[in-house]
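Chain nomenclature is as follows: A, B, C and D, assigned in order of appearance, with residue numbering initiated at 1 for each chain independently.
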Amino acid sequence: MLEKLKEKVCQANLDLVKYGLVIFTWGNVSEQDRATGLVIIKPSGLNYEGMTPDDMVVVDLDGNVAEGKLKPSSDTPTHLELYRRFPEMGGIVHTHSENATAFAQSGRAIPAYGTTHADYFYGDIPCTRALTEEEVKKDYEKNTGVVIAEAFSGIGVMSLPACLVKNHGPFSWGKDSVEAVHNAVVLEQCAKMARETEMLNKNAVRADQYILDKHYYRKHGKNAYYGQGGNT
Amino acid sequence: MLEKLKEKVCQANLDLVKYGLVIFTWGNVSEQDRATGLVIIKPSGLNYEGMTPDDMVVVDLDGNVAEGKLKPSSDTPTHLELYRRFPEMGGIVHTHSENATAFAQSGRAIPAYGTTHADYFYGDIPCTRALTEEEVKKDYEKNTGVVIAEAFSGIGVMSLPACLVKNHGPFSWGKDSVEAVHNAVVLEQCAKMARETEMLNKNAVRADQYILDKHYYRKHGKNAYYGQGGNT
Amino acid sequence: MLEKLKEKVCQANLDLVKYGLVIFTWGNVSEQDRATGLVIIKPSGLNYEGMTPDDMVVVDLDGNVAEGKLKPSSDTPTHLELYRRFPEMGGIVHTHSENATAFAQSGRAIPAYGTTHADYFYGDIPCTRALTEEEVKKDYEKNTGVVIAEAFSGIGVMSLPACLVKNHGPFSWGKDSVEAVHNAVVLEQCAKMARETEMLNKNAVRADQYILDKHYYRKHGKNAYYGQGGNT
Amino acid sequence: MLEKLKEKVCQANLDLVKYGLVIFTWGNVSEQDRATGLVIIKPSGLNYEGMTPDDMVVVDLDGNVAEGKLKPSSDTPTHLELYRRFPEMGGIVHTHSENATAFAQSGRAIPAYGTTHADYFYGDIPCTRALTEEEVKKDYEKNTGVVIAEAFSGIGVMSLPACLVKNHGPFSWGKDSVEAVHNAVVLEQCAKMARETEMLNKNAVRADQYILDKHYYRKHGKNAYYGQGGNT
């Protein structure tokens, strides 16, 4: 079932390697099929080398495996919690990409220092609170989705498609798995440049809101004029 | 029209990828045809992968498309403003290269700490002031060219062929698109080494003017003796 | 003798190059044959380029060469000291990988700032004390194993499979040479992210113990649920 | 003349690109022919791409071109000054490699923080004083050799085969061009790790002299026991 989507999700997972966001088995990509609500996700602990569309696992929103000979990613409950809460999300990515993870480990949001950030993310990229001991001991992966949702109360997830989970690493998303991977790459680059900005100027401040607005809205929404009139 | 120049400008754009200065659609190169005054530039939001000379867009100095099936780069008005104000510029490059962008985001000029810098840039590489809200809301891209020009009042653009736009990123230029790309690569490397110099010595100071002079003038001008007697 | 194991150890040594952990002759991998107790190790000062299984050296636990036309790595006595003291170790790796070496040179343990670290290492990665002048002058390489052992008094070596030797560099280990190399790669990545975490937050603190526990034990031990039910 | 040596020196120059020490035309390698005293060096300002042994220039110790259709490197007088003063040098390399140049720009020596450094360099890698205005205006390149020599008064050049020229960049050397390139690679790696060591510990101190001695002398001199009994 969903053979074409399996191919797409498999490729999106392999793209994490191509873009240098993961090594070994670190990271996973999923996409939700809009018609059936089923989610396709990478298997748990499988190496990217030699991974094929057939290895992808199909689960429903309650986490039941609908198809697949392998166990789904251990992070599946996080993905599902996000899909349940935010139907606008079509694809989700989790990595331990170096610079975004360093921000997560430092417990800090990534400040919107410039237009590269603003072209994709409307505002600082939030860092969740730490999970409590109870949240970790019971339903840890589901609760990771819960604290992400908490960090977005009052923020539109589609205009700020990434989040850092404290002491863990980044999640990003998009209308599908391709856009989610794209955002994961941009997130890592923005995190790196934000760190370097602070090295050059300890008192660096975020860019003026009107320049952040300008860049975000020249690429997104009804008045966008960047690109050839398609998406992105 | 201008088929040979389209090939050259297309290749110059692809070289940004080769030199690691851009990912996705981030960045653009243009060159002005000296005979006609027309400018050839990358299309807006187009991926580098698979880009061909035929995709290049030809515009006149007022921004009218003279040829091309795609929309020109959204940064075209910046390029045109610079070509109008500085006829010596033959090629212009804009990127979000990591270290130069970090300087731009920190709001600082790149100090001339050494001879690598002085071999190409006669003085600190300036960072523009922030654009005002009015400059951003109306004619934003043109005004980006205006603040670059402001930063060069009293400075020869051809002896200091790069500028940082505050909170945005670097622009560089040269007698043609090839030289502009070359300068973009050097700019990024100088930015990186300047940052690392400051990490090693918080009180680092720029090199003595006479050593900066020596290096700049052994490569440029009538007494140059570096190289084989051609240009660089 | 042990031809299959020589192939495996040779490949593990070459993987150090593939993963960017060594240049030139810097680094070495060994594995102990469980049946005979013999250890297979890289020859001393040999370049990785062109290295073949035939170049591997077989030594017994007292350091006598059982087979091989080349001298074993000068670090062999360190490997042997560790195999003698910790029979659980099946493979050992030594590199001068950049970020782990920087920690070793700074004389600091690598703090467990996040889940990437906790997925592999149960606790901070210790840095040994400096060897005394006497320990350096006599049996230096053996004593390097001694100070590693000292740093692990009260710590299980298999749940924290890496150590920094002060002013020198990292050692890592595992149930075999493949796992030891895997841990060397993870160690380097954790060291890099730990450094970057501190750049972003001078007062960064290690993750809560319950989240470190959760990640370590979801991958290791009888209640592990990460992966497909095999190892890692 | 000296066709075999031209091949060797050409390859050594190309190896600077392979090892990531140079871009464009930045850097040069030379080697002195022991029999004739002639020096073979890279041409000035020539790109590495497409460079062949035929492009190499042969000069005598006074700088007269003995053979070659191109002008020798503008840094030739520095090389010659060093060959004249230090007959033990057989090959010399100059680069603008990133981390070594950052140290040169910061005006600091590279401290011997660990055994990687000590394996190759017996002591801190010195940084020259700045050249005076007079030294820059007249015989600049020759005087660059003079200040390097000054920095080595009382230090054996062959046991500490590298130097930083203030505000400029690194020079390294060896018994031939291959060893000089090897040392240039190690220098860059040691500079990088030294910078990272200081990031982790502002009060980092150099390793104890007895451990530095141990590592240097286990690879060099009559009691060396590292390697297979040949050189390095």
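By definition in this document, contacts are C-beta pairs under 8 Å (C-beta built on N, C-alpha and C of every residue); 3 or more make two chains touch, one makes a residue touch a chain.
Given the structure is predicted, the values throughout are model-derived calculations rather than measurements.
Chains touching both chain A and chain B: none. The greatest centre-to-centre distance from chain D, using averaged C-alpha positions, is reached by A.
At the interface between chain B and chain D, two copies of one sequence, fewer than half of the residue numbers in use appear on both sides, so the contact is built from largely different positions.
Centre-to-centre, using mean CA coordinates, chain A is 46 Å away from chain D.
Averaged C-alpha coordinates put the centre of chain C at 33 Å from the centre of chain D.
Residues of chain C found to touch two or more other chains are 198-199.
The touch graph of these protein chains is a ring, one cycle where each chain has exactly two neighbours.
Checking each pair of chains for touch leaves A-B, A-C, B-D, C-D. Of all residues in chain D, those touching chain C in their complex are 113-116, 182, 185-186, 189, 192-194, 196-201, 204, 207-208, 210-211, 214, 218, 225-229, 232. Chain contact summary for the complex, chain D toward chain B: residues 23-26, 43-46, 70-71, 74, 96, 98-99, 101-108, 130-131, 133, 136-137, 140, 167-169, 195, 198-199.
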